[in-house]
Amino acid sequence: MFSWPVRVYWEDTDAGGIVFYANYLKFFERARTEWLRSLGIGQQQLKASTGGMFVVAQTSVRYLRPARLDDELMVTASLQQSGRASMTIEQQVLLKDTLLCEGSIRIGWVDASSMQAARIPLTIIESLRVKP
Amino acid sequence: MFSWPVRVYWEDTDAGGIVFYANYLKFFERARTEWLRSLGIGQQQLKASTGGMFVVAQTSVRYLRPARLDDELMVTASLQQSGRASMTIEQQVLLKDTLLCEGSIRIGWVDASSMQAARIPLTIIESLRVKP
Amino acid sequence: MFSWPVRVYWEDTDAGGIVFYANYLKFFERARTEWLRSLGIGQQQLKASTGGMFVVAQTSVRYLRPARLDDELMVTASLQQSGRASMTIEQQVLLKDTLLCEGSIRIGWVDASSMQAARIPLTIIESLRVKP
Amino acid sequence: MFSWPVRVYWEDTDAGGIVFYANYLKFFERARTEWLRSLGIGQQQLKASTGGMFVVAQTSVRYLRPARLDDELMVTASLQQSGRASMTIEQQVLLKDTLLCEGSIRIGWVDASSMQAARIPLTIIESLRVKP
């Protein structure tokens, strides 16, 4: 399973002394982006070549334990389901062996200028199939 | 139903030209905070007086249509369910009459120093009951 | 002088228990945006009609005292200097009568597609002159 | 000179298609934090052991060229001046050999509970002197 290290900085925390919960969505996205990059999928380049881009359609996140300043987290990404119109990615944030947070992120594809939903380009689907 | 206006600034947008999806969690929280404040519940003051604070335990968000720079959004908050250990708040982001985004946020209560789950103070429960 | 209220939410704070210093740049920008809007200058509309946009060229900020969760701040904006290529805006963040933070923000104008520097449209310059 | 890689993700960009200028302060801080860590200075641990923490007292940043989604930036940090009450760090953001942004960050030391200015602990001063 793909995983990506994320260090917690001041910018990530809030006055509760812990990572602000909205920021786990950022951590998830960094891991998804690096997972796609590891499969040869660059998002800036895709937008330039296809005129399309991924958009997040749904997020579901459970917060189990807090992360803190200086923590070195591991963030995982794995494809749970993939269709022509959207895909769902399962993700976890771990501190050593402790699960802090887990989420399910459904992503669609849109035309970048009209923001209308469109089919995910076949090259992406194929890249995802090669390395599930 | 409680609603709170939120204006979209550059800080809220991303290179897709739309509001970055993680930022809707911030918009939801601003509305929740103002809704609690309208019920006489101040979070800084609660932390000082009880030693406890709210933490987000679960979020579920559906993104229907994008918001853009300069949009003036309305964000709603209403109590869906309330127990001694947690409560669930339903929230929507609207642009005029169009629903852009909706979410369900489950919130727990913790001791701020130990981060251990605790019962929501009765004064809060009672404030919430007065104005459902 | 133009001023704009900004409430401090959890999203704005860090684990030091205070507003994260980078976020004052967001507060400054909200006030600048509303100041421009009060002069009839809408940025989304400007980008659509002229193909250009403001970009920040230089920021200088002094942090004097911290702001905290739930604080209701006032953020000011006033034009210090204005030329054809850039303008400088003086800004302050106040909590009641106490100055927390002050900054000087130099802003240029660019063509949005090429990001090349360009002259600020005359309509903007004139709007700024009417109400200094 | 110390340098630290920073990748640009969606979270860092704005609707202008470029990195939002306030976020360079985050990039600078990540590099400063890793630079301090490389000298054996951990901030979470310092706060626990000394009761004090760094706070940013002044920032001055010049934005020369924009960074974009997927860019892999290098962020430098070097000590320009160091006293008992504050230190100034010079920082740059580079894309390959191109300077995008440069800043000067003055940092003080405070007691974390009172937020009163205090002298930087000698152990920190000494760590900084060993590797300038």
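Here the chain labels run A, B, C and D in written order, and each chain numbers its own residues starting at 1.
In this text, a contact is a pair of C-beta atoms (placed from the backbone, for glycine too) under 8 Å apart; a residue touches a chain by one contact, two chains touch by 3 or more.
Since we're looking at a predicted model, the values are computed, not measured.
Contact tally for A-B versus B-C: the pair with more C-beta pairs in contact is A-B.
Relative to chain A, the chain whose mean Cα position lies farthest away is C. Between chain A and chain C, the centres computed from C-alpha atoms are 32 Å apart. In terms of their C-alpha centroids, the spacing between chain A and chain B amounts to 23 Å. Separating the centre of chain B from that of chain C, both taken as means of CA atoms, is a distance of 27 Å. Shared interface positions of chain C, defined as residues touching 2 or more other chains, are 10-11, 16-18, 22, 26, 29, 68-69. Partner chain D is touched in their complex by these residues of chain B: 10-11, 13-18, 20, 22, 68-69. Chain contact summary for the complex, chain A toward chain B: residues 16-18, 21-23, 25-26, 29, 53, 55-63, 65-66, 112, 115. Every residue of chain B that touches chain C in the complex is listed here, in rising order: 7, 9-11, 26, 29-30, 33, 42-45, 68-70.
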